[in-house]
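There are two complexes below, and they share chain A, which is joined by chain B in the first and by chain C in the second.
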Partner chain A sequence: MEIEDENNFKLRPMKCELNYLSRSDGSAILAQGETVVLVSVNGPLDIKSTSQSIEKATLEVLFCTKGGKPSVADRFKENIIRQTCETAILGCLYPRTGISLTIQELEDFGGLLTCTVNCACLALLNSGIAMRHMVAAVCCAVSEEGNLVLEPSYTQVQSASALLYFVFDSRERNLVTGFTEGSFSENTYEEALARCRLASDVVFDFYRDIVKQYSDVI
Partner chain B sequence: MKISIGDVVLPGDYCEEISQVAEKSKVIIGPGLRKEVDRVYITKPGVLKKRNPGTFWVDSYQKRYVPSRGENVIGVVVQKAGDIFRVEIGGSITAALSYLSFEGATKKNRPEVQVGDVVYAKMLVASKDMEPELVCVDSHGKKGRLGVLSDGFVFKCSLNLIRKILNPNCPLLETLKNEWPFEVAAGMNGRIWIKANSMRETIAVGNAILGAEYLNDEEIRSMCNNIAAILAGHVS
Partner chain C sequence: MKEVFLSNCEKSFIQKIISEGHRLDGRNYNDSRKLSITFGSGYGSCIVSLGETRILAQVSCEVVQPKQIRPNEGILYINVEISPMAAPQFEANRQTDLTVYLNRLLEKCYKDSKCIDLESLCIVVEEKVWSLRVDIKVLNHDGNLIECASIATLASLAHFKRPDVTRSGENVIIHTLAEKDPIPTVLYHYPVCSTFAIFSNNILISDPSFIEESVCTSNSEEGNINGGLLVVGMNQYKELCLLNLSGAAIYNTNIAHRATLSAADKCKTIVDLIKKTIIDDDNLRQKRAKINFGDIITSNHLQSLSRKDLSICLKNFDVKEQMLQNDTADVMDVEISMEPSKYDVVQSLPQTAELKAKKGASSWIEISSESEEED
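Then we have the complex of A and B:
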């Protein structure tokens, strides 16, 4: 297995704009490489009493694909994002309310899910909802030769033998969410986890840069 | 990450300075800060501010209002339910306003408030577990500046803009008030009510306020002068 220099990460270039939508409480558009996602956050707002929870805010996630047709795969993505964001948000401060997260896929050239999670985190930051910590998602592919590729491109995703997704928190870099596709060895998993954990710092630094840029103006 | 006063902070960061001050004297932690077992953690992105001796808070960008006690807000009456009015204030649920909490109101002498009226009221109860409650009188039973706002024009903006224009150092209203007469009420829930003599003047005030969001003091002054010149007809 090829081992790179541990401090030399090449994540795909990230570009972001906060407050992209004027009417929603918080919104962000994020491009990671050629993958682009737009997320809008509304809340805390009133929701119907059957879905209210007396101890915390209910998170509703709606994922819209580029084609617009809902599918089972989208429900899976919604679930991952909901569970990830629920750990990040301090829902106990807003009991009996709902927070709705609407995600629109604009371009998918690999790593859509990591881009979505990161964009959702930026939109939540923009909305001013209290959060325990931030989250950063990093994707890692295992190529056919068994090499690890961080943030794979579209062609690399197509040819990969396995894909590993990890989401980390910003406090202790603990694993929040992790899921995998394909087959791989235990060692590969450990190695990918360690690399992605280090790479998550790049994402967190990016968040800080973005918020710094906006705090001067706002 | 460890941060200090004046820095741009993000959720999950912690500040040891607050804990150090807390060892010696009392501290007040405001919005965007939360004490957990061992440390004080940040919960909102923004700039960490301090006012001596021991008040800390995070100045963050927000559009959605979360009720908090003692703030003056502008709301719209949406329902009359028995002895209370339900007022929409932009929070997650409507707030309750008792008909007895108006100046001089008694059980016999009900205040004249209709559905659709705009009221300027103070937040009396604002807890996350209870319905917010408003009053239109102070503790002496006087209405002061609170009460129904008749005529005028209401628009929404971000919560930061309200805090900005209400800041005593902000030159916006100071400059504008010398140019032409108008009345303005700013609710901490991100709503502004304006009443001027003509529609032209009302729109001019509204545009001046909305335009001030991303400007510094000097730019605000020149913008106000510009608007005043246009309004006076010197520039078309």
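Then we have the complex of A and C:
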């Protein structure tokens, strides 16, 4: 397994603002390259008794596209984000409550899901909900020639033969979620996983920089 | 979540200060909050913020079959959605009275006032017309959704451009944006709604905030409502397009007249601002500048609390002066001095102050070489 220039990751420039919305408990707007996502977190709050769980908080995720009707693809994204965030949140501290996570897509130029996961993590940090660990998502594309491209741009996504998404935790850099589109070899998968794992450090450093600006204790 | 209940002391306090000529955020009766319009990368998408109220509008188009009774007219469809993002009491994918009310008002203002040239949206009579769909998403609900939503609708419709089409015999070719320049929507006039809260059947307050809205439509101690919300829709020629009253009936004939006079000037300035931002945006696009919603992310406004400013602002209040005098008798200073260690008081708007995390050494908890996320 060969990793070229492993310290030289070019992730797309990230820009973030916390507390963008005044009526939510926590909110974050994140731009990764040209993709922009807005996430708000409310909770722990009172929910109807049918969806309450006596063991842990129920996480409700809602993904809103920019325009048009809701589709099956949105439900798929909601599922991925819910499963990812459920592992990150210490839900057992808030039994019989609900935490609602609302996501609004603002611009989609590739890598929408990674941007959404990262933004959701920042919003959760902002809301002050107890978490086991943070999560960072990194996307990797396999171009037609078989090269790996970290955080592909819009045109690279369109022409890619496969897309691989990985989400890591902040403690041991373990894989939390992984999903793929297209076909690729086993070696490519291993290499992409290793590269994305190293690149996730950049995302965690970014989280730290952002949170540092807003509060001096965490 | 259930809606937060409006307490009696809040209600009577607001009614009292308003009758004395003050407002919670230090505005005068006729002042509006700060309005800003940002456009996204595509045509017809914008975020409008009116104070802390934020609304996203997106126009999309598709080719459909026209309605039987209007075979040569395009279709305009307005859809309002309020997700839990706006405020925790809203539920996902659920129509509430507020959404229906907003939807109907916007339809009255934009469809029934015939401001859009629907005939120009026709491609083939009785077969193919453009259908414009305006999606309004409320991002943050801090009062006066109607005015903010109407500005967002108008700005996105005026900004929107649809792909050009050519007809060759039976076939219709829709050109991509790269092939042929897209066509802007034709608007005959620009109607905008403005909201007035009526207090004690006499006082008119423009651009009410969330708490002012809830106070003026709530029951008084005697159990009846004596205030209401008056929505006035007007275009740039000062022609009335929409009038809607919710709450108590007006028995003071003067009020509606005063509201329309005040709305006329306000709508004119708003329409001028919309036109100006669209022209500026167009110039930037011609210079091939990249416009993106990422531009709204700023780093010059970092607060430690989700409230942008303390919601109470006083007229003629200067933080710096107060800090020099070290006047702790002021209500605001007392509030702030509770947490002196973590936050600085900084001046933001002229009449207000906000809390900000102190700069400098951050006290991150380092646990050996492992991790630091003890949230």
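The working rule: the second predicted complex is superposed on the first by the 211 of 218 C-alpha atoms of A that agree within 3 Å, B and C clash if a C-alpha of one lies under 4 Å from a C-alpha of the other, contacts with A are read in each partner's own complex, and residues count from 1 in each chain.
Assume a residue touches a chain if its C-beta (ideal position, glycine included) is under 8 Å from a C-beta of that chain, and two chains touch if they have at least 3 such contacts.
Just so you know, these numbers come straight off a predicted model, no measurement behind them.
Asks: Looking at the overlay, what does A:100 touch: chain B (first), chain C (second), both, or neither?
Replies: The answer is second: A:100 touches chain C but not chain B.
Asks: Identify the partner contact of A:31: answer first if only chain B is touched, second if only chain C is, both if each is, neither if none is.
Replies: A:31 sits against chain C, while chain B stays out of touch.
Asks: May I ask you to decide whether A:136 touches chain B, chain C, both, or neither, giving the answer as first, second, both or neither?
Replies: In the superposed model, A:136 contacts neither chain B nor chain C.
Asks: According to the stated criteria, A:176 is in contact with first (chain B), second (chain C), both, or neither; which is it?
Replies: neither
Asks: With both structures fitted on chain A, tell me whether chain B or chain C touches more of chain A's residues.
Replies: Here the partner covering more residues of chain A is C.
Asks: Quick check on the superposed pair: does A:44 touch chain B, chain C, both, or neither? Answer first, second, both or neither.
Replies: In the superposed model, A:44 contacts chain B only, not chain C.
Asks: A:163 contacts which: chain B (first), chain C (second), both, neither?
Replies: neither
Asks: Give one of first, second, both or neither to describe whether A:16 is in contact with chain B, with chain C, with both, or with none.
Replies: second
Asks: Once the structures are superposed on A, label A:62 by its partner contacts, choosing first (chain B), second (chain C), both or neither.
Replies: Touch partner of A:62: chain C, not chain B.
Asks: Please identify the positions on chain A that touch both chain B and chain C, taking each partner from its own complex.
Replies: In chain A, positions 19, 25-26, 42, 45-46, 125-126, 128-131, 133-134, 170-171, 208, 212, 214-215, 217-218 sit in both the chain B and chain C interfaces.
Asks: Can you tell me which positions in chain C touch chain A when the two form their complex?
Replies: 1-2, 40-41, 45, 47, 52, 54, 56, 58-60, 81, 83-88, 92-93, 133, 135, 137, 139-142, 290, 292-294, 296-299, 301-308, 342, 357-358, 360-365, 370-375
Asks: Would you pull the chain A residues touching chain C in the complex into a rising list?
Replies: 15-19, 21-27, 29, 31, 34, 36, 38, 40, 42, 45-47, 60, 62, 64, 66-68, 70, 100, 102, 104, 106-107, 109, 125-126, 128-131, 133-134, 170-171, 208, 212-218
Asks: What residues on chain A touch chain B, complex-wise?
Replies: That would be residues 19, 25-26, 42-46, 88, 90, 93-97, 125-134, 169-171, 207-208, 211-212, 214-215, 217-218 of chain A.
Asks: Give the list of chain B residues in touch with chain A in this complex.
Replies: Spelled out, the residues of chain B in touch with chain A are 1, 8, 10-13, 32, 34, 41, 43-47, 60-64, 66, 91-93, 128-129, 160, 214.
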